[in-house]
Amino acid sequence: MDFELDDEIVAFAREVEEFLDAHHDPDVFDVTRENMAQIVDTPARRAFLKKLAERGWLGMTWPREWGGQERPGVYEYVLNEALAHRGGPQTGKGVGIIGKTILAHGSERLKREFLPKILAAEIEFAVGYSEPEAGSDAASMRLRAVRDGDGWRLDGQKVWTTSAHFADWYWVGARTNPDSKHHGITLFLVPMDHPGITVKPIWTMGGAPMGAERTNEVYLDDVWVSDDYVVGEVDKGFQYISQALDLERFSMFTFGPIDERLETLVEHVRTATVDGVPVREDSGTRRRLARLVTEAEVARLLGLRVLDASMRSERDGGAPPTTEASEYKLYATQFSQRLADASMDLGGPGTQLRVGTGSAPMRGRAESTYRYTVIDTIGGGTSQVQRNIISRRRLGLPRSF
Amino acid sequence: METQLNADQVAVRDMVRRICADAAPLDRVRALEDDPVGYDPELRKALAEAGILGMAVPERFGGSALTWTEMAVVHAELGRALAPGPWFASSVLAARLLARTATTDVQRAWLPGIADGSRLVVPAWLEPGGSARATGIALRGEKVPGGYRLSGLKRHVPCASSADRLLVLFGTDAGTAIALVDPAGPGVDLEQAFSLASDTQYDVRLDDVHVADDDLVGRPGEGWSHWSATLGEALAPLAAYAVGGAERALELTVDYARTREQFGKPLGAFQALAHELADCATEVSGAELIAYRAADALDRGAPEAGRLAAMAKLYACETFRHVTRSGEQIFGGVGFTLEFDIQLYFRRAKQLELSWWSPPELEDRIADDLLTA
Amino acid sequence: MDFELDDEIVAFAREVEEFLDAHHDPDVFDVTRENMAQIVDTPARRAFLKKLAERGWLGMTWPREWGGQERPGVYEYVLNEALAHRGGPQTGKGVGIIGKTILAHGSERLKREFLPKILAAEIEFAVGYSEPEAGSDAASMRLRAVRDGDGWRLDGQKVWTTSAHFADWYWVGARTNPDSKHHGITLFLVPMDHPGITVKPIWTMGGAPMGAERTNEVYLDDVWVSDDYVVGEVDKGFQYISQALDLERFSMFTFGPIDERLETLVEHVRTATVDGVPVREDSGTRRRLARLVTEAEVARLLGLRVLDASMRSERDGGAPPTTEASEYKLYATQFSQRLADASMDLGGPGTQLRVGTGSAPMRGRAESTYRYTVIDTIGGGTSQVQRNIISRRRLGLPRSF
Amino acid sequence: METQLNADQVAVRDMVRRICADAAPLDRVRALEDDPVGYDPELRKALAEAGILGMAVPERFGGSALTWTEMAVVHAELGRALAPGPWFASSVLAARLLARTATTDVQRAWLPGIADGSRLVVPAWLEPGGSARATGIALRGEKVPGGYRLSGLKRHVPCASSADRLLVLFGTDAGTAIALVDPAGPGVDLEQAFSLASDTQYDVRLDDVHVADDDLVGRPGEGWSHWSATLGEALAPLAAYAVGGAERALELTVDYARTREQFGKPLGAFQALAHELADCATEVSGAELIAYRAADALDRGAPEAGRLAAMAKLYACETFRHVTRSGEQIFGGVGFTLEFDIQLYFRRAKQLELSWWSPPELEDRIADDLLTA
């Protein structure tokens, strides 16, 4: 048992912090975007990601053969947590689930076309798994891909493609075999500007002003994709998605933002007064805060365990830490909602004021956090799905759904 | 004993439900989010004509003087509909405060207008950096001949821009006082503030605003006890508002769980979700009972009525929050979009829990009553 | 909406309190027996029940034809709550589920034999539904009854027959038709001293000293029962049991004991000191207590609603208040556990001392309550069963188990 | 970084698990409930021989001076087994307190015996009507030439009847002091008290008991800070004890849920129960991590170690209580009987949560550390 990062990792973390201090830019780093801070949806954010690329911080875990440095996953963890803590964009899906899936299963051609661009931060992806009738049950995907010449013709609809309106390429799953639920899905890469693709916004509870953040519906109408842009083998898409989900579950839910919100609350309690009396003197507030910092530490440690287990599984070739990731995701996202609720309560009635209101406690952060964290226990596998995984795979209980 | 609405109460419920369906459907609720005025004249007119705006106004001032139980029925419907507008603030809080303590002249000047829908009066109570207790009032009134000069900042003032008068709580050498202030008068500056619930509220800055002694409501020094007693009772219909919201949010969620399928069966066939909904349903039953219990106790003038009203607000708001939180989870991704209705309830539930005394303040009231008796 | 009892009921409640004051006897009334206080397992308790019978307070709701007074159910409610509040024995199963089932479905002979004895408190029953393999699923009962002459021959085992070691008669369900799960059970009445019946104790966590309270396993070995002692129709037992359960769910879980425990805690907070400082001055304690009294009132009101609805259904002939009873049972028993937990916490480390310890806070009541309330959310239909009922019958959700 | 036990730690775990399986199976645990002695000589001997009783004793006094992480491993196993005996009290608390602050003579007199299993020393700390804070110590020591005379009552003293010495906390004019008192000596009266956990504890009444200055552990006035620091660290292995108990209770429950059938399928196939168990499993993981994190921080001498130890005890005990509560519910009726094992865990969990600082006391420590830094 040893919960401290090795010296060279600590040195790297320091290097990252110095870099981020030097590149501070409120257009790039914005904690008030809460969960949406991670996406690379503005020119400023893309430009910043290029700087990370120049620094050699994209694809650090990739094989040297493809421009990586074969460093352990902890480097990406440290970098992403540092970015997330400041509300900056994440290194994201490109070096993560997409790059790694291409590395593991993609053709030589896909590797040559996409991997260098990913490392140079020249490409943004959107991911299309969810469909109106397939939420938690990704394997029930219905968007149709029909064989046509040396390729496939895609028709149907996706939802919750958050990056669709600014991404370059669509990483999309489609049904190539209607007879097998779990062995009938194939992954494709499609240029987002394909004329057969239509993107429609869905406005969410997120954003400042509220409703300013969006996700998208994506309609594919007779979109032909060449075999060259099939990822790995036909009908194996669900397996690739599941493998990558083990990763996403963890990296999509960094602890950094939770930690930043907790710091905001602790700072409020430390410094604010009500009726001239320091808030920190109220016994109920102190005790509730003590519980929150305890649970935050538990969440952080559950995350560290995923990191450790996934490095071990990479090193020893074992199974990925699926149930560990589920436990972290389940616990951290529920904690995130408890923290949001507590921040409202401990800040008092003024927290009802919208984020950015200067006179609101914590400048209204409690309010935006209360809205945004709703999606934490839903996206990337709902809490119910995580519990299904834990009860079956860790506890060995029979299927109960 | 009768743990259901009686026929008269059902009639009130049906009437208000009809009014809300006509004049405050959810597309109107959406349209009025963050609106600078914050209510629909059509709804105001309909509520006035039905006697709802005069619910707490004595009959001699043109009111309908409903019982607390009937006011709870009214608020349960307003909560179901999330009907926008300062009706609780004006027609319950301001009306009761004026009826309780103002001079007959002041009552004659304002109560009939509140009842007939021609006047709005709302309290201006909370301040930045201040609690919701008596010690939270830092806004000072400086005594000048014939009145006071007020300077300071009030926050969370509902629909201040369309109010005819504000009931401003302020400090004097004798203690807290309350005065009627014209929000359009000199020295009063309004700035709209935006909130989690997207309701309509203002920051109100008073800069050397003169109020005459005739504008005082109650005597200086008695302001807090009047306000505290007024809000303390009004918690009962407010709890019913939360009950109505929770009940409707639960209906929306149950309907969705019955129809939306995942893994080949309706969401409601997953035991974990079914059980969560069963817990919500039980809490909604309990919240409804305790809200009406508090109202019934107020109607009887029972000594425990104040404690019950605080308990009802505490429990009903917690239920509203919990039910809408579960609702969001069961709706899943669509619940996060503005298109679906559950988020309207979710955002209002938390704000209501914090407003008009938050849980710790209510708990303190309950414990004071319980342990100092 | 009206939450006060009518004047004549209030007068009756006063009469009951005066009667109980006059008949105070620590051998009969003992709140430290917690949930077991309701059973009539000692001579003193039987004698007390006879006094209730003499007073005319048994079977108040029964038809006049059979010695009742046809009073509304609120009278029984008031009497039982008053008894429960003092830790006294309840009027119980005889006038309740057994008497009412005999009245509704029993033969003339059974009525004549049993009803007068019940009203005179001359008979105690034990109830045998549960079996080792049939817990929450009562319909899966397997104890066999085979046709034999003018009667039935019973063989098998029951569990959780709490009254078996002192009762006179056994009200027992047996399987008369193996082909129909729900239409193959019959109710029998068997004398408890039948030589084919063996009662074995199961010692529980309850009691002072701990382990002093028991329930029983009951073995039936070739027990012949005449047709005269079949209750109602053959194969309809499950329906009779279900009807009666709606009643039991409510009357087995009186609010009185919860109220008494809450009063004990409030009294502690009101009067105790720690380090010379009154406990009631601690803000955390005050606030937690405020929540408890709030939830207690909710529990009480959910109970009143069952009472009101069941009187209405008796009056108007409507369906019994099944989901209302489930909501009360679910909420009240879970609250009862929260209260027990809070009583431990608010009383401090001294509450770990066993009930009866003079120097313990609340004389150790927190400790015995913490142990006993475990069974509240299990007996009479688990919390899970109640939620199944509510979700299906009130919310109209599909079967999920 | 390594979030698992390393090979050495696994070896310690396996050794202690074997000892407990041999010398403290659950039928022994049952037999020793409410026992006046409260432990088994065989277990004591085995633990002593394995170096476990000397875990906190420096090597120069014959101890094994385990790391905090190893002590946490030991306690996780004691907790899994619910191994009866005052091992935490004597071999961690008393040993650390003596090692921290006693004179070399006193250390030489007691530490080797604690380590080799020939001596038991336990703290006598809490009093009726007193808190677990410094202000809770009302027992007074009257200064007399060459020592003190002690009178008062201590409660919750583990295994006092077989202890060789008690470490009694008492008040003096200079502040809190600690002295070694012979429980068999004149003026000391023991009365066994019975508890929820059926552990072995005594009320200890001191009536004019003389202690010599040489019997003092640390200087008068420093007693509370020594005790508070000692217990504050020891919370880490104590948390691990709760983790071990919770882990085992969860295993028992999962095993039952896998095999026991209702409505034609195993309990674990009911989603509501499966999800409850998944939550429990997650909490147990978290409790394990934070307990070892606290121990690791103590081993490093990290400044946040004290806060982490308090957090670990708070979280692990809450988890133990919650898991055993869920366990009772899932076992159903049989869980209420003495025959099944889950009740052994259920009763101990709540008592442990209240003991050695309860949740509010831990929360106050955490907040003090967080907000005054």
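The chains carry the letters A, B, C and D, assigned in the order they are written, with residues numbered from 1 in each.
Just so it is clear, contacts are C-beta pairs under 8 Å (C-beta built on N, C-alpha and C of every residue); 3 or more make two chains touch, one makes a residue touch a chain.
Note that this is a predicted model, so its numbers are computed, not measured.
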{"item": "Higher-contact pair (C-beta pairs counted), A-D versus A-B", "value": "A-D"}
{"item": "Farthest chain (mean CA position) relative to chain A", "value": "C"}
{"item": "Approximate Å spacing (C-alpha centroids) for the pair chain A, chain B", "value": "39"}
{"item": "Geometric centre distance via CA averages, chain D-chain B, whole Å", "value": "51"}
{"item": "Residues within chain C bordering two or more other chains", "value": "283-284, 287, 384, 387, 400-401"}
{"item": "Residue numbers of chain B (touch at least two other chains)", "value": "270-275, 360"}
{"item": "Chain D residues within the chain A interface of the complex", "value": "1-6, 9, 69, 72, 254, 257-258, 265-266, 268-271, 273-275, 277-279, 281-283, 285-287, 289-290, 292-293, 295-297, 300, 308, 311, 314-315, 360, 362-367, 370-371"}
{"item": "Residue numbers on chain B that touch chain D, as the complex places them", "value": "270-272, 274-275"}
{"item": "Residue ranges of chain A touching chain B (in the complex, touch as defined)", "value": "130, 133, 135-137, 140, 159-160, 202-206, 209-211, 215, 273-275, 284, 337, 341, 344-345, 348-354, 357, 359, 367, 370-371, 374-375, 377-379, 382-384, 387, 400-401"}
{"item": "Complex contact set, residues of chain C against chain A", "value": "282-284, 287"}
{"item": "For the chain B and chain A complex, residues of the former touching the latter", "value": "34, 126, 128-133, 135-136, 138, 155-156, 193-198, 203, 261-264, 270-273, 321, 325, 328-329, 332-333, 335-339, 343, 346-347, 350-351, 354-355, 358-360"}
